[in-house]
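See the structures that follow.
First chain A sits with chain B, and in the next complex the same chain sits with chain C.
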Partner chain A sequence: MKKLIGIIFAVLSAVFLLPVAATVFLSFYSEGGLTLECYNDLLFDCFVFYPMFWNSVLYAAAITLIQLPVVILCAFGFTWAKFKGKGILFIFYIVLMMMPLQVTILPNYIGLRDMGLINTQWGIILPMIFSPFGAVVMHQYMKGTDSSVIEAARLETNSVFRVILVSVIPQLRVCIFAVVLFVFAESWNMVEQPMLFLNDKGLKTMSVFISESGSYAGAVLFPAAVIFLIPVLLLYLFFSDSLEKGLTLGELS
Partner chain B sequence: MKSIQKKRLKWNTKCVLCLLPSLLGTLAFFVAPFIRVIYYSLIDNQFRKNFVGFDNYIDTLANEYFLLALKNSLLLIVICVPIVVILALAVSLVLSYGIRWVRKTRAAFVLPLVIPTASIALIWHSVFASDTSVLPVYLLFIWKNTGICVVLLTAAFTSIDPSLFEAAKLDGAGSFTLHKKITVPMVMPTVFFVSLLTIVNSFKIFKEIYLYYGTNYPPDHSYTLQYYMNNNFLKLDYQSLAASAVLTSVLIFGIVMAGMALQRRYRQ
Partner chain C sequence: MKIIAKKTTLIFTVLFFAIMLFLTFFAESIHISSLPQVEAARAETRRFSVTAVSADGEVAQYSSEKTAVSEKMLGEGIFVVYTAEKNGTKRSFVRLVFPEVGESRSDDGYREVISGINYGDRIIMSTSKELYDGCEVNVIK
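Right, the complex of A and B next:
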């Protein structure tokens, strides 16, 4: 029985890894042999690639870094503030978290248009900062943390920021890692927003570069796909242990 | 006495203020524009602004592309969501209680969660080039969505206090009763949540289908709600776009509320 489960899992995990492995393999494969030629073509001949790669880095990093303090503050508010309607407000955040892009993208677009942010970098960054996922996850996690530490810190200081810095953030470590991994991956993977909110080619992202496959030589696409994988892969290697401990989403209400 | 009460009040105000950045952003980019969307869905066009009641909704509900998209989304839910949840349950059971080297395979199931779809669409193209059925899309959905379920379910399994099992074993419970009486009730809320999440995620599959087919009109079987929205976006047809956004949001709202009610009812 144990052996059978072992074999099934070996096969199953290989199947799940296959798409990534095949992509990496094909990036080194050209005209019947393994070479670095495709990487050569991409890195030294394909100049549109660089600005798009850096745009992806810029957007994902900015979204993650700006979202983090917003989310920590928000979760702290949800956990500690007492006011009427808090429960309903939190349910609203959950429902918003569940809404697919096809519902939110039109409001996002209208909001950005009215603020004159269409076709700017902030148009990509701002709506993503306020996506509710991080706040929901962080609040769920914060509910389970040790409140006596916070009470103790409150005796020392009256500043909310100091309390958060000294006694909340150290307890949130794994949750912060999990949220960073998630938000970064989600922003890195954006396709619709750069497609619909941006006209300037110079502002677009790597995901757009890869999806507009027709306009570039086919050989550079697989290396581009592999290079596009690397940042999230590295982040996953660093933070994957935090995922299970940090995402306490199972029970909501 | 009074000063303590005052201090407490002040602290509470500060805590409420912490919500402000997030609330303002949500208001500016989601809530306020969504009210505009509802308004758009009730007028004939942006320039004349005649109030037409539910005409846009009736048009949308009668539109064959909207119905096709809706049908495809529901089909995806009915077929793929059970597969994803059952697969994830089996995988996380083994990952939580199985032999040690098997646990190392966890990364294989979780990794697709963070892998950019844009990177993976290429290989899907090469492999399924001649396949015209809906199968590639379903496989991509299962591949992409099993990971988050595995993460949440493994967390639920491993958070069960092992002393509960010890105590039950001492009382002479067999392995079957053990799981029936302890594991199932402890994990059930998470199973509900994971199913809900996967249902909701199936409405998000547009990105995968778009990157796979790339055109404005994929084969009929893969035409989902977002394609409908996207094409209306390109046509700048805000009225039908608004109507379908409102309709979809009502649908999702209903699904989420039903899921949460089920979860609450199970716990009682």
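Right, the complex of A and C next:
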């Protein structure tokens, strides 16, 4: 029985890995056989790719770094603060999290337009900072943390920030890594926002480059897709242990 | 084992971003250095005598300046430089043309161009590599 389950999972993994393997294979494949020509086309003949790559890095890093303190404070408020309407507010958060991007993107666009942030880097970063996903995950995890440590810290200081820094964050380390990975991957993969909120080609991201790869000369799609995979893969390799622990403990709590 | 894996990941990450940074600044220079380095010049002009016949049958002869090419260049065709946008950047390419030439011939062996090369077109005078129709080039002069 165990063997059969093992085989089923192996087949399923192969099915999931097939598109990635095909992408990597096709990035080295040209009419003549296996070659580096596609990489040559992308890296040495398509210079618009580089600004887009660094834009993706900038947006994903900025969103992750700014969102992290926001979601920690938000989750701390939902978990430990006592105020009226907390439950309803949290339900709103969950509803917002469940909403598809296509529903929220128009209100986001109107808000950004009115603030004059369309076609700016902040137009991409700002809406993503307040994404409810991280706050909800962090809140779920925070419910399982040791409250006595927080109470002890409260006796030592009146500063909420210090309480969070000393007693909450050390307990949240695993969850923080998991959230960092998810938020970075989400920001790295975004396509609709840069397509809608940005007109200037110099501000667009790598995901837009991939979606528009047909308009570039040479076989740039597959090598670009492979390079697109690498940063998230590296981040996953860094935080894979924490991610597994974070998800398991989150479920348990 | 885990520490080695983390170290390898860290080294790979640093390498990856260092290579991307290097290519961001130098990919264009590397590409340009791999192109045929060409010298181009405006198509030359010569004065050719033209015979005109008026409506009442009067024959007049005068000279006119026309685009001209050396007879030596006509055999294998002439590469004309043009600029076009490729992958978001403006670049120089060459087009192989076999110009139609007239009967007029200057004293120094130039033939009048009737079509194929326009006044002001830049034609390739020398190249570091073999050219072909549609080839991207780097015009150094």
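The working rule: the second predicted complex is superposed on the first by the 242 of 253 C-alpha atoms of A that agree within 3 Å, B and C clash if a C-alpha of one lies under 4 Å from a C-alpha of the other, contacts with A are read in each partner's own complex, and residues count from 1 in each chain.
Note that in this section a contact is a pair of C-beta atoms (placed from the backbone, for glycine too) under 8 Å apart; a residue touches a chain by one contact, two chains touch by 3 or more.
This structure is a prediction, so every number in the text was calculated from the model and none was measured.
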item	value
Side-by-side fit of chain B and chain C on chain A, or clash	fit
Partner chain in contact with A:87 - chain B first, chain C second, else both or neither	neither
Chain B or chain C, by number of chain A residues touched	B
Touched partner set for A:116, first chain B, second chain C, both or neither	neither
Apex chain A: angle to the C-alpha centres of chain B and chain C, given in degrees as a multiple of 10	120
Touched partner set for A:144, first chain B, second chain C, both or neither	neither
Chain B versus chain C as contact partner of A:196, first or second or both or neither	first
Chain B versus chain C as contact partner of A:13, first or second or both or neither	first
Nearest-approach distance, in Å, of chain C Cα atoms to those of chain B in the combined model	15
Residue ranges of chain A touching chain B (in the complex, touch as defined)	2, 5-6, 9-10, 12-14, 16-17, 19-20, 22-23, 26, 69-71, 73-74, 76-78, 80-83, 91, 93-96, 98-112, 114-115, 126-127, 129-130, 132, 135, 154, 158, 160, 181, 185, 188-189, 191-192, 196, 206-207, 210-211, 213-214, 221-222, 225-226, 228-229, 232-233, 235-236, 240, 243-245, 247-253
Residue ranges of chain A touching chain C (in the complex, touch as defined)	43-48, 50-51, 53-54, 201, 216-218, 227, 230-231, 234, 237-238, 241
Footprint of chain A on chain C - complex, ascending	2, 5-6, 9-10, 12-13, 16, 20, 23-24, 27-28, 30-31, 34, 86-89
Touching residues (chain side chain B, partner chain A) in the complex	7, 10-12, 14-23, 25-26, 28-34, 36-37, 91, 94, 98-99, 101-102, 105, 107-124, 126-127, 143, 146, 151-152, 154-156, 158, 189-190, 193-194, 196-197, 200, 203-204, 206-207, 210-211, 214, 225-226, 229-230, 233, 238, 241-242, 244-245, 248-249, 252-253, 255-257, 260, 263-264
